Amino acid sequence: MFFHRQELQFKSTPEKPDAVYARKLQEVLGGQYGEITVAMQYSFQAWNMHLPGKYRDLVFGIGAEEFGHVEMLATMISQLLEKSPLGVTEKAVQDDPTIAAIVGGTDVQQGIVAGAGARPVDSNGNPWTGAYVTASGNLLADFTANANAEMQGRLQVSRLYQMTDDPGIREMLSFLLARDTMHQNQWLRAIEELKADGLEELPVPGNFPQQKEHTASSYEYLNFSDGQQAGDGGWARGKSVDGKGEFSYHDGPTTSAPMPPPTHPDSRFYGTTELPNAVEKASGAVQDKLNRE
Amino acid sequence: MFFHRQELQFKSTPEKPDAVYARKLQEVLGGQYGEITVAMQYSFQAWNMHLPGKYRDLVFGIGAEEFGHVEMLATMISQLLEKSPLGVTEKAVQDDPTIAAIVGGTDVQQGIVAGAGARPVDSNGNPWTGAYVTASGNLLADFTANANAEMQGRLQVSRLYQMTDDPGIREMLSFLLARDTMHQNQWLRAIEELKADGLEELPVPGNFPQQKEHTASSYEYLNFSDGQQAGDGGWARGKSVDGKGEFSYHDGPTTSAPMPPPTHPDSRFYGTTELPNAVEKASGAVQDKLNRE
Amino acid sequence: MFFHRQELQFKSTPEKPDAVYARKLQEVLGGQYGEITVAMQYSFQAWNMHLPGKYRDLVFGIGAEEFGHVEMLATMISQLLEKSPLGVTEKAVQDDPTIAAIVGGTDVQQGIVAGAGARPVDSNGNPWTGAYVTASGNLLADFTANANAEMQGRLQVSRLYQMTDDPGIREMLSFLLARDTMHQNQWLRAIEELKADGLEELPVPGNFPQQKEHTASSYEYLNFSDGQQAGDGGWARGKSVDGKGEFSYHDGPTTSAPMPPPTHPDSRFYGTTELPNAVEKASGAVQDKLNRE
Amino acid sequence: MFFHRQELQFKSTPEKPDAVYARKLQEVLGGQYGEITVAMQYSFQAWNMHLPGKYRDLVFGIGAEEFGHVEMLATMISQLLEKSPLGVTEKAVQDDPTIAAIVGGTDVQQGIVAGAGARPVDSNGNPWTGAYVTASGNLLADFTANANAEMQGRLQVSRLYQMTDDPGIREMLSFLLARDTMHQNQWLRAIEELKADGLEELPVPGNFPQQKEHTASSYEYLNFSDGQQAGDGGWARGKSVDGKGEFSYHDGPTTSAPMPPPTHPDSRFYGTTELPNAVEKASGAVQDKLNRE
Amino acid sequence: MFFHRQELQFKSTPEKPDAVYARKLQEVLGGQYGEITVAMQYSFQAWNMHLPGKYRDLVFGIGAEEFGHVEMLATMISQLLEKSPLGVTEKAVQDDPTIAAIVGGTDVQQGIVAGAGARPVDSNGNPWTGAYVTASGNLLADFTANANAEMQGRLQVSRLYQMTDDPGIREMLSFLLARDTMHQNQWLRAIEELKADGLEELPVPGNFPQQKEHTASSYEYLNFSDGQQAGDGGWARGKSVDGKGEFSYHDGPTTSAPMPPPTHPDSRFYGTTELPNAVEKASGAVQDKLNRE
Amino acid sequence: MFFHRQELQFKSTPEKPDAVYARKLQEVLGGQYGEITVAMQYSFQAWNMHLPGKYRDLVFGIGAEEFGHVEMLATMISQLLEKSPLGVTEKAVQDDPTIAAIVGGTDVQQGIVAGAGARPVDSNGNPWTGAYVTASGNLLADFTANANAEMQGRLQVSRLYQMTDDPGIREMLSFLLARDTMHQNQWLRAIEELKADGLEELPVPGNFPQQKEHTASSYEYLNFSDGQQAGDGGWARGKSVDGKGEFSYHDGPTTSAPMPPPTHPDSRFYGTTELPNAVEKASGAVQDKLNRE
């Protein structure tokens, strides 16, 4: 169960409205790595988890915090839109290009659809989608997904920080940056702990019997491009990160197989094929049979 | 530039057709973490990269390999569909529930749309979307995204491995599993090397001046759920992973701000507000003015 | 801010696993009118509201409850999937059509992607999308949207109730049905109250000056089909619901305008047009000019 | 069957082109509550209806009118784009910021893709989607959806009316506003009539046996937020709107259930679990068995 | 304007219900090449056309017919669903695998969402999207798109014809097949006529000055794969189809350019770069400046 | 297998950055008819082909070239974004409307998400989707789809050519235009050759027995609009293009069928119906039975 308190986790008030910035902020609200994504992702990880205890408590605990961040951003956006210019006409554009420019940079749906409000979309107006969420039941994979989400998130907030000089917006962003710092650290620590606890190991999934894979290819770096320096990295020689193999470098593939011949499905799929069609045409009997069906 | 060779990287031929499995295999071809995703993701990372040398050569090299894996899967799927039953009718269902069951489990678009062929969609028929791709220009973040993609990918292939006993399919999957092992190892090594090379550091982005964030909140674990064991993890005490702070544990938020008052945008957005509407109604003058516009 | 408590609002435990039903239940979790939709919709209405007091407290209050319903459904789904058959092969299908039939009816992504877990998608695997949300800032419109959402929601739950005889599932659904009953009643009451409070009136938006609309057409029923009984309804005669007009019935349109002539945009859009192309072709000068650009 | 007449229902000609406005108008053509949505929604309701007579004639009659509104908007948009500036370059931007501002505010796909034409998308370029349509077979629910659609639609047109001072555009919008007034009234009247005819009743679906729901919770307002005024509304006390219950107010939930324990699906989903993995590791036999599969 | 008549263009009644087939038929109703697509495509082409007369009359005339085909399919689907089994439970599955198999093959949303009705989606439940529509303003391109749509459409209907033996369904499909035959012929004839009328020519767009293209590459077949027979086709030698060039065959590219160096955008995008970061780190002054911002 | 070479097929370097143009160029990279579409489309056609030899070699050969065009565009876009203004604030807008205008015209996600890089999206930010791809297994249909794709593609590039005067961009576009010229010619030639080789014929699919279609309607032009000139085209009289029929012209439909009566599915779908509900209400026995379930 979720309980709501009518307070924000941190002050979220701009010094002045800025409809262009309101659009940009949608990215970290409703984008691929916005707050809706992490709130939903951590929650679904909790609901799908097969393990009681500290890891489940962790995803529950952070998931609920992130829903509060969605709220901080939505609240900020509606304030940024408070003086959003509505009645802009061609004449206004001609008189004051600045206003026109602002209009060009705004999310017009924030006005037409939401009446100067926030929306569950990204900065280009793409609706948030459940396809952003990762919750596989394997915690080593999922916590890596989480670490990535917090990295991409903090990166985007950093960029947004530089796109405004409004002290009110920057103050709120400084808080989100700090929380992203925490959350990056936390997921990376949780990854270490999963391994230390003997629950997971590399390669993910650690409990798939590795002898079933084609082990000859498990630690080969195969260079399918002609970059001369791909072999200079630590991935081309030395002990592998999982400690189970030795990296080696190869120019191109080490295995190869002939392309299988084209398939010939049921002729009633009416694909283009050489022989069956020819046969059919030659064979009145076959055609007749088809016609009778 | 890309050059194609009419060979596969590994043998991809099933022992016998299996239309139900052909649908399942779409997941690792055209799903969120399928081969199209990694092929596109690594390629866009290469095209957006701001750094010449080994890292760019790496993403170019692997990106091209992954396009070849797309091909292996598409080729396998069309073979699995070669004997796909087309003419199934209610009568057939009644006579042979097995056939009916197969139909129920197939992707009917593989038949109706692709004529017993592979499609750029996942196992539920959702078209692959560019929204799956991550290429931010920050390599520490992106390589973490890549590590996650290879983990989720190998996890899904492991599950698919257990969903068939066809030796031909399993052989191909064993190869993909091996390559995912390599690619997991490789991205994790590249992350280590990025840090060792002094190019990136935690928290991402390492070159955003951390003193601009609200540092008091940077290493606090805030428990927004009531799980008793969330404080038992390494994220609740001790040195942070980035080495820059000390984790601490808190029940709930350490900061709070009152919810800002509701906004009052231009009345011509026709939202529901208390005073302006009342005023307008009282004020014939205002209404008249609006009407004259 | 949101706080999570590790309890459910109501018992959500099936008597036995049922992977086919787990797929169906996704509809009311992540579909157009599922619990994610109402949770998000009420929350965005709260964040975009221009009015303090009881209406805002209402949407905040219900929004948080709905996030708890998302959780109840996700928890139920993961339990229904607990014994989900993974290793089904063609042989199994031939031996036991029942198992095969189950596989045909399941959401294979719940297995391959979520490892026998719930996902933010509907019963056909379409990811939940922010495009489902309505939060316009006009409460009479939005509360009507909410009433509809609760009606569609209770309708779908009713259908799902009849699709199972598992007492555990039915018990949980009986609770959701009751809450949908409450929420239908509540939004309809809130609509009455908005009008009684003088905040909104019909037609929405009540504060747009109605004399600006083409009033001659405001209460005409225009029948663009040839159904003989369209004129028998209360919408074809008598006082209008908003009390501001008199319905009238008309066979087809009462107004008409000639189709405007085709447009002729800049010829460099290279659309097909009669004269400009002909002119261009005749006129070497024009063509030359274009070529020099 | 549908028949087309090459006339418009109302004059749809702007006084002058306005490419920025052409983008905004896409919202009520191809957006969530645009004319394509209502045209399709009413048509699908007709095709899915289980009842002959006035209600079916009504949805057929209005559905066809709405396709004509799609046409009016598309025609208007292509005229607004007639002088759309194509050849804008950086130099032009520097010389005339007004032109640049216009470009910034336009839908560039209207130019690049449609050659200065209308598109089946909204004002942010999101393609219209069938996911907007509601046609459940239950008319009380669906007519409420229709009333909402006409409210949201008229609200958006009102906003758009204020975003231009072009008399030609305003004239067309004044007609659409009038039709939306009619259609709001009509659906609300149809709802009254459905009940009066004894075909439907609240709560929807009225013919689901209400004693099967958890009636103790059917009329309780549960406040999951801490707003002090949520209990002041008519939804917290007095007779319910459906006349079948008495509203009551409660701070938080009146029911509660412990969170069920985590699930343990087949270990070959390779999720992270405590015991099974440990057991497996301890048990060479199990591992061997898995390996042999 | 569109007018509806409550008749169908052709008889659309199945002999018996078939819920599995009802799902398959969704493909040609709401899929990429279903009737909604062609109805919308031809209509948008009409609204965007820059030319009065026979071509515009043609797209208007066919567009309206296609909306009637949408109706025929929706009507058929709702009849096929009339006896759709609702109350299927695990017990029923165990007792009668045939019923279970049917459930597996149905579109469960047709039941849960539409109450045994048709939906604007394809056979995998993907909502129809405006992204399927092509209406560019260039008629040679668009009529080619139309010819393709009618080809794909007739191909899918042919496959569906073989997936049933219900005489009622087959009768309706035989009519759609005939209309697709006509429409294929008609678009191909319209293409011929566009050229004969001197309105368009190859390559599209014919009125773009061809000397502006890199003419050396205009008729070269470049083989980027290693297929030995790519040079055997008519595209590798002889006169080009547009009559303006001579085909030639080349193994691989005939042009090449070095990959440009990586870009170095503003360092405040926080991408990974070698020098700027190093410089920044060395340069306290730069960092200080950034911090002061 | 695909192999990458770190060279471009043609020079792709702008003279100067232009962030507005970088957005527009996304259309031909990641739009409906962008390079990702053709690269994927030709590749899937190859993988799904049922015919060895020149046609398969052709799609393989061109598919790989198109992936190289994706790369050329992505490379160009990242260069155009190299000086993309990041730190634009309201003050900057007021000081320099030109900068603001540029911001308004840019794809803000190229900055916030990709750090001044290219993305797999179109010019409105819609992610590329697998729904754009056509690969049906019938080559006459698919090559027509390909011809259309190259026509729409060249049309869009022509428009984009006119939207810039940067010689570097124009040079690259002149190359893409030339390749589109070749590819249009090539698919049209391949269509001729398919017919000449006796592999396919009109109407598609040529091997569906045409006598099974309702031949009376196979060559009738039915005018469902009131355009007077629809009968003037070659599609209304004379020999049909496939040589198998004679076109004829008809005002409106030549066939008609009464609309079937509404369906009455299982009452537990809770749709609105007249009799069954009334019966149920009258019949306590039925209701009791339902309640007991």
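When the chains are written out, they are named A, B, C, D, E and F in that same order, and each has its own residue count from 1.
Throughout what follows, contacts are C-beta pairs under 8 Å (C-beta built on N, C-alpha and C of every residue); 3 or more make two chains touch, one makes a residue touch a chain.
Chain labels with UniProt names: A, B, C, D, E, F = Manganese catalase family protein.
As the structure is a prediction and not an experimental result, all values here were calculated from the model.
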What chains do chain E and chain F have as common neighbours?
A, B, C, D
If you fit chain A onto chain F using only Cα atoms, how far does it have to rotate, to the nearest 5°?
120
For chain B versus chain C, which are copies of one sequence, does the interface use mostly the same residue numbers on each side, meaning over half shared, or is it different?
different
From the C-alpha centre of chain D to that of chain E, how far is it in Å?
24
Would you kindly tell me how far, in whole Å, the mean C-alpha position of chain D lies from that of chain C?
5
Centre distance in Å when chain B and chain D are each reduced to the mean of their C-alpha atoms
27
Give me the residue numbers in chain E that touch at least two other chains, ranges are fine.
1-9, 32, 48, 53, 55-57, 60-61, 63-65, 68, 75, 78, 86-87, 97, 100-101, 103-105, 111, 113, 115-116, 121, 124-127, 129, 131, 136-138, 140, 155, 158-159, 162, 165, 205, 208, 212, 224-225, 227, 253, 256, 263-265, 268-271, 293
Per the touch rule above, chain C residues touching chain F in the complex are 155, 158-159, 162, 165, 268-270, 293
Complex interface listing, chain F residues touching chain A:
1-6, 48-53, 55-56, 86-91, 93-94, 97, 100-101, 103-105, 107-109, 111-113, 115, 121, 124-127, 136-140, 194, 198-200, 205, 207-209, 211-212
Within the complex, chain C is touched by chain B residues 16, 18, 20-21, 23-24, 27, 31-32, 97-98, 100-105, 122-126, 155-156, 159-160, 162-166, 224-227, 252-253, 256, 261-265, 267, 269-274, 277-278, 280-281, 287, 290-291
For a test of understanding, state which residues of chain F touch chain E in their complex under the given definition.
6-13, 32, 53-58, 60-65, 68, 75, 78-79, 81-87, 111, 115-116, 126, 129, 131-132, 134, 136, 138, 140-141, 144-145, 147-148, 151-152, 154-155, 158, 161, 170-171, 174-175, 177-182, 184-186, 188-190, 192-193, 202-205, 208, 210, 212-225, 227-230, 232-235, 240-242, 245, 247, 253, 255-260, 263-266, 268-271, 293
Once bound in the complex, which stretches of chain F touch chain B?
1-9, 30, 36, 40, 43-44, 47-48, 57, 60-61, 63-65, 67-68, 70-71, 74-75, 78, 113-121, 127-131, 133, 135-138
